[in-house]
Amino acid sequence: MSNTTEEMTASSEVFESPFKIKLKLMWRAFKENWKIFSESKIGMLGFWIVIIFAVAGFIVYPILASTVWKSTSLSSMVSYNPVTGYDFTIASNPAPPSLTHLLGTDPLGRDILAQLLYSTPREFALGIIAALITVFLGTTIGTISAFYGGVVDTFFMRLADLTLLFPFIPFLIVISGMMTVNLFMLALILGVLSGFGGITIILRSQAMIVKVKPFIESAKVSGASNPYIIVNHIIPNIMPLSFLYMMFNVTGAIFSEAVLSFFGLLNIRMSWGLMIYTADTAGYIVGTNIGTYWWLWLPPGAAITLICGAFYFIGRGLDEVVNPRLRRR
Amino acid sequence: MPKVEMANATDVVLKVENLKKFFPVRKGVFSRAKSFLHAVDDISFEIKRGEVLALVGESGCGKTTTGKTLVKLYEPTGGKIKFLDRDVTDLRSDVDKKWFHSKSQMIFQDPFESLNPRKTIFDIVSEPMNIQNKGNLKYREEKTMEILKRVGISPPNAFLWRYPHELSGGQRQRVAIARALVMNPEFVVADEPTSMLDVSIRTQVMKLMMDLISDMNMSFLYITHDFAVARYMSDYISVMYLGKMVEYGKTEEIIQNPLHPYTKALISSVPVPDPEFKRKSIQIKGGIGKAIDPLPRCRFYDRCLLAMDICAKKEPPLLDVGSGHKVACFLYDKKEK
Amino acid sequence: MIKYIGKRLAQILILLVIYVAVVFFLLHSMPGGIKAILATNPTLTPAARESILKAFGLNQSLPMQFVLYLKNIFTLNLGISYSFYPTPVWTIIAQRLPRTILLFTSATLISFFVGFASGKSLAWKRGKISEYVSTVIGVIAYTIFTPLLIFTLIWFFGSFLGIFPLNQFLNPDLWLHTNLDAQTIFLYLLLTISLVGLAMLVSFILAQKISHRVKTRKIIFYISTAIASALAIFWWAVSPVGIYAFDILWHMILPVISVTIVSYAGTMLVMRDSMLETIKEDFITTARAKGLPDKVVRDKHAARTAMLPVITNFVLSMGFVVSGGVITESLFSWPGMGMTLLNSTLAKDYPLASGALIFTGIFVLFAHLIVDIVYAFLDPRIRY
Amino acid sequence: MKKVSVLVLIVIAAFGIITLGAGVINYAMLSGVTTLNIWSMLGPNATAWNFYPGLVKYGSLYGQSDKTYQVVPNLADGFWTPLKKVTENGKTLYVTTVKLLKGVKWSDGTPFTADDVVFSYEVPFKLSLPGNWKATLDPSIFDKIVKVNDYTVKIYIKKPSGKFVYGILMSTIVQKKYWEPIYEKALKAKDPAKYMMSYGPVLNEPSIGAFTLPKWQKGAFLATNAVSDYTFKGQQEIEYANGAIRYVIPSLNKDDTYYGKAEGKIDNTFVTGPYVDSIIYKIYQNQSAAVSALLKGTIGFILNPNGMQKGFVAQLKTNSNIKIVSNPSLGFRYIAFNMRRYPMSDRAFRVAIAYLVDRNLLCNKILQGVAIPLSTVVPPGNKFWYDSKVKPYGAGMTTAERYGAAIKVLKDAGYTWLVEPKIKNGHLVQRGMGLIAPNGKMIKQITMMAPSAGYDPMRATAALWIEKWANDIGIPIVADLTSFNNIVNAVWSENFNFDIYMLGWGITIYPDYIRDFFYSKNAGPGGFNTPGYDNPAFDKIADEFIDQTDMNKAREYAFKAEEILNKDVPYVVLFTTPMLEAYRTDKISFAYTKALDGIQSGYSGYGETSLVKAVQYSK
Amino acid sequence: MKPILEVENLKMYYSTKLGYVKAVDGISFVLNEGESLGLVGESGCGKTTTSMAIMRLLAENAEILSGHIYFKGKDLLKLNNEEMNKVRWAGISMIFQAAMNSLNPVYKVGDQIIEAIITHEPNVTFEEARERVVNLYKLVGLDPKRIDNYPHEYSGGMKQRAIIAMSLSCNPDMIIADEPTTALDVIVQDMILKEMSRIQKKLNMSMIYISHDIAVIAEVAEKIGIMYAGKLVELSDSVTIFKRPAHPYTIGLMSSFPSVKGEKKELVTIPGEPPNLLNAPDSCRFAPRCPFATKECLEKEPPYEEIEPNHFIACFHPQNLRKQVNEYAKG
């Protein structure tokens, strides 16, 4: 502990701008955490899956859509659209994988791979927006409840209890049956609902632990105001945990989307869940069709499972960074 | 040293009169608290400039609460606190608060918990200046390095951008001391600052603090459960039991001539590092309880082997038995006896 | 303890009112509804539509509807289903709730014990390749897209192997020859399970009273449990309606497997974490130092203590399990609450959808309460 | 545990043997039955699922013939007498006399008489039962029914209307003996209508049909039992090529021929059963489950008003014992223009869109034959009412030719473009941009609401293609794939807040919907005339059509109306879907399988349960 | 006197990603029957690890590289787990540092003691075991009514007493007490220490006390071993250690300890901090902090030798110490 012998870049030039030093420190902290994280096989597995999907969705798809798939597009003037894209050269759909359609086509003659990749950034956006909203709400409410206690705390904790009771999917089903729910709406609903729920309780209890630490009292003795303490001491200390739960929330959001799409309850043009829905309602996931038309359900199904699992894995990996108690010695 | 400074040295920095701090004992969400824990119950003392007062007692006796109340971490339930001749019992205006918090500080027991693990040493040490908006960044950096050097962290710039977990226990406590002293406070509460440290380090830190106290001419309230440590650190000792001050006096006087049965028991139970020395042990009954809605009688009554009838009827007052040695026990109250 | 249960009940009642309010107002603030269904039905004349609107009382003000609704909930009068008009919602729910309870009680209990046992041994054998593999499998089971899992299960066990019924909750060819209502069987099954559970509880308490030897206690407990189960099985076997009960249970196997697969991993992972933390506790070292056999340390000391946070988490996952239930029920044609909820939503049947949602909530609430009570029994630190 | 499962296995196996009894056929249903109470079933609970098993018990005075859908007597003895104008209490009424068949018996042996008929008409009418009851016994038309003697009734109506034939004369008849005590109790209840509708479960109701319905295990199955002494058992329905239909009822010694002479070639002969002892309607909650069951042979036929999707067919084709049948369904998907807004109010604009819609490409290529091109509101399958003279816009054209035609129509009407679309060598080489109306104003974005892929992938796909076609020639249409509810809310809102929308209708044989959909008085909020179509000429013809009780005359008016609609294009009809059905040839055989809206359709008597035969095992 | 425990050159390292942490590096000592030994040292010096090695309760990544632990002549390191389980508690029992956490919170305290008895003596009935627990409670000064209470219903001192009762439950030949009083207040600490001393004398047990507090050890131990950074640097009877310490670390430790008795002395500090044991060098580990260190100290490992009867020390310069110490103490 005492003799951390690594050289300190900052040590020789003290009057370097603190901002730069902070950046370097952040980079160093990141590297250290990355080192711990990268020791977690599970975390790395998840990380690489996410990276592969991100590359495929954000980089490979636009390239393919405007080059390779463009030829099968309706008119040569626009890039491929996996919602309307229809290949006239194919005699009957769904067509099995071929060179032009690496994962085959769906019952409406659209390229499965294109649909898969097209949906990827949207799934990410959904998951991350929902998770960000959740974490923002959870952190804010958790901290405020923990710090101020009393009626505020009681109110938010009861609310959290209530939210926990909410059978999520059933509730979303009812909501999406009653109103138009698009991807952003869904992210908003999921984010807000889970933001008031379990994460708040967890972050609150974490904030409670931080709140009674002597360094908080130490700041108070120096005359720090409550907002100062919340912003400078409590939030930075519960942030890692928030980040961890963000990962689990991404999983939850993507999964919920898939389920709702699967029941055909969402108002979206394309998503992984919808791909399975299309295959299912058209009758390609029944009996031996499961094996015959595997390309209709396996890619989106695997994508959902992989991405949900990947974010979950990352969460588990982060858990080892955030909770040193789980660390292997 | 100039004469004026000398005169100031005898100034009373802190004067506490009948300080009380009660905590409500929760009885449910809706019902109001009906009982109170009398953590600090009517204690008075004063600390002069450059003096160290040690508060000694078992855990739960209210010594830490006293310390925290004095630096305004708790609002007192009753009594008065005078700091540098100003009444600071209720600090209303922001200016007053700022003034008070820049003049008083506290050092905590656990060096592993009293530093925010997500802040660098610079952030931690310069935080009081940051909160008080003192000086520009350069001033803060210089001041931070200066105080770090003073507490024996050297070279300071090698540590400035480290995180607490990269430091050893002793270094952390030095950083905590540096942080407390960076604003040149007049009065510092030190809550068992060495109890979590290893023996060899403990002595270093104790010596450091003694040096700093005399150098900076501060007033110290030193909270400890260890008479041996108190003996080395303080000028005066005050013994607390269940929120009450049971004995007060000059340090050597208390160590050599304890009067209160509780003090006697405490001192006699401190182990002595000498295998040939046989302590005479003074027995007391039972264990320490909690002062929840205490009856008006001597709090030590239940455990005292010398208890008299009067002890169950009245609370003994803290009386001077000569040369500033005060004790709250009817054994020494000539009137009652 | 009774005071504690009372307190929890009161809390739950308050939560229930808020829950009902949230559900009701959310549902009613949504656009659409019965008007939409009627408008698109060309066989109805405008006059016919108008008269239906009136019959459903949809023209009253929303707050008025809510006050009525709230009052009605506590009298189990949840209004009248649009799609089953004029069947009251409560009748439909009362019919479907036991099916869901039976399915979920079995599935959650099984998944809890599977998760508990596997999490326990995962943590105990830390660092082995098996830990890595089972964690990955667990997470995949946890995150697998439930419908796909169910499709595969149905195809494999139902169609390919043909050993389990494909779907439905009973075999019509068998039930054709009886005037028995499936509802009765469900209720009797629930009753049997409760009785066996009660017998287990009583024998557990008795065992504690009679003997102090762990082995003897175990023997008493196991024997009386076995007797109770045997009696139950015997009763069903000799009773003329036994075959019908077996038929229902037979149909329940695949759904239970599905729910178990998707929900055991959560328990397993939490149990593993909790166990890892517990192992580091000093009392485990004490137990080892006492020279207790490895198994005793693991089961009696580590697992028993590590179980407590797992139970807490179990409560939190209840909503998740119920969610999985909607999918399971609708894909297995198990006409319980989940399927009712989905179908009524799709049919825009406000009263039924909200009623189903509320009762799903109440179901979770009561499960919550029961687990709380169990928890209080298990953790001596909680003595209210 | 092992022992238990073995025990269960034995139990199941044992029942497998029991079910091998003869004469039982199994149908699959995809949704549960919500009621078996006829008052409720034809009221708010009018679902196809309720009808399948529920309607087997009842009769009506007149019905439609199998296959050709002509009005024929059912419980009536011959046709009704022509309407006669009479004045009663100052009211002008029209009266007809209907004779009833003698000797018809309910399943409990009670003879069928005029009392049953009068009761069956009076109860729903007096209680003002909602739904189909109200539509059938429309108070604006129906006045009263009077018993003349045991086998004769007189029906009074307020004005002549097609609904007299297709509604009043076809109203459902129940047994008075069974329902009268219940009705009396209902009259004493607070809400008699509700009392009647919530009475149940109505399992022991006597049947006048071929089956009774004694068993209903909620959520699982229903079972019907054949009526042993069914009056019409052995009835022969002989269809002649010249259009004549002959009914021979041996038990009543009757032999009647309608619509011509019983001579020449015989197309079909159907002999009424029932040929099975029982039909079990097993409830599966989703199609996959039912298909799996069909594959396994647990069921013989799947009832599904929406037909089957292609994938299921692909699966079922793998089994040689399963036969797939495809029929056009009775309904259509369409886009409608809000003619209250510009440019949708401009005929040229609508025609241009109509030209653009390449149904052939859409249905046969893109939708892979899961949709059948349809351009008229009356489908060709509805032989009597279909107007073959109506020619759709752009029939036989390629996509590029359609572009050209649409551009020409717009140009002729005075539209211009910022960038004009160009076609060269049968290809669009320049997409149009910035369509400008004849008045010089730029056409702003036009929103076309359509159901999202979640609700209906076919319509979503079609919408996106129409968007593309329109955009190609510069019409700024944006497809807004939204929830079904949203569309309905916008379309039936007070302020008609939509431009174009896409939905579908399920329709009836008698095309009175033509009037409902386009009659100018129905253009108000919540009315069926969603486009706000207002053509006095059309209104007049529609009125004439609806008032006709002579269906041949009615047909002429209907044709006229269809032609006007084709010219004015308030709707662009897109396609209909084929009814794909499958049954196991080793379990079940149908008398005929070519039927509008499928074997199971209501027009052929729900799979014509009295004609269905069980294929016996030679096992 | 018969030796009951002989530790010979015990080396126990923790293997980490960065290398070996030399937690216990070649320590040897002998404990006789009925004798009490105190092991003193600062945190991380290996004293707890030593006790855990004796009990064979080491972490997964701990490796015993060499050495023997003979208990009544049997080498504990050679026993399999089942054999070791028989030695545990019946042969050697232990009082743990954190009494607060040493009892399982979900079982009654009495049951946890009974469990130990029944495990080791299967013939004892529950009632007999319970009777024994009652006697043990009386022995350690606890109210026997408390047997059926749960740990959270005990105060800190009571828990410590219960732990002591538990450690005595199987009549062990030897008890290892690891910081038995650290978390307690002085008065309670005093009582417990007295109690333990009394019981040890009464039952004539062997005892190892482990503490960082030399004053505590001075009260109870007959023999004291001073540990520093994984090594035993000095071992002798307590009087010798206090009156004639020979190792510079022991000397520093003695004079840095404040006392309430005697005159107020100036405290002497040992400069610097204990070393990191990760890949620690094979030289005198105290050399960097030692005011008397020579070049030799920084290069070689000092031998562990008996400089006078029963006085072992690991230092190159024990002879000329006295004089230097006196000078050092003066100024």
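Just so it is clear, A, B, C, D and E label the chains in written order, and each chain counts residues from 1 on its own.
Rule of thumb we're sticking to: contacts are C-beta pairs under 8 Å (C-beta built on N, C-alpha and C of every residue); 3 or more make two chains touch, one makes a residue touch a chain.
Just so it is clear, the structure is predicted and the values come from calculations on it, not from any experiment.
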Dominant interface by contact count, named by its two chains: C-D
Chain separated most widely from chain E, comparing mean CA positions: D
Computed distance of Cα centres, chain C from chain A, in Å: 28
For chain B paired with chain D, centre-to-centre distance based on mean C-alpha positions, whole Å: 90
Whole-Å gap separating chain D and chain E, where each centre is the average of the chain's CA atoms: 92
Approximate Å spacing (C-alpha centroids) for the pair chain C, chain D: 41
Interface hub residues of chain E, defined as touching at least two other chains: 60, 273
Residues within chain D bordering two or more other chains: 288, 292, 295, 483, 485-486
Sites on chain A at which at least two other chains make contact: 1-2, 178-179, 263, 265, 280, 285-288
In the complex with chain E, residue positions of chain B that touch it: 58-59, 168, 170-171, 198-204, 206-207, 225-229, 231-232, 252, 255, 265-277, 281, 284, 287-288
Of chain E, residues touching chain B in the complex: 42-43, 155, 157, 185-191, 193-194, 212-216, 218-219, 221, 238-239, 242-243, 252-254, 256-261, 264, 267-271, 273-274
Sites on chain A touched by chain B in the complex: 1-2, 4, 8, 10-12, 14-15, 18, 21, 25, 154, 213-215, 217-224, 228, 233, 236-237
Touching residues (chain side chain B, partner chain A) in the complex: 29, 68, 71-73, 97-98, 100-102, 104-106, 108-110, 113-120, 122, 124, 127-128, 131-132, 137-138, 141, 145, 155, 157-158, 160-162, 165-168, 171, 176, 179, 183
Residues on chain E engaged by chain C in the complex (per definition of touch): 55, 57, 60, 81-82, 84-90, 93-94, 96-98, 101-106, 108, 114-116, 118-120, 126, 130, 150, 152, 163, 166
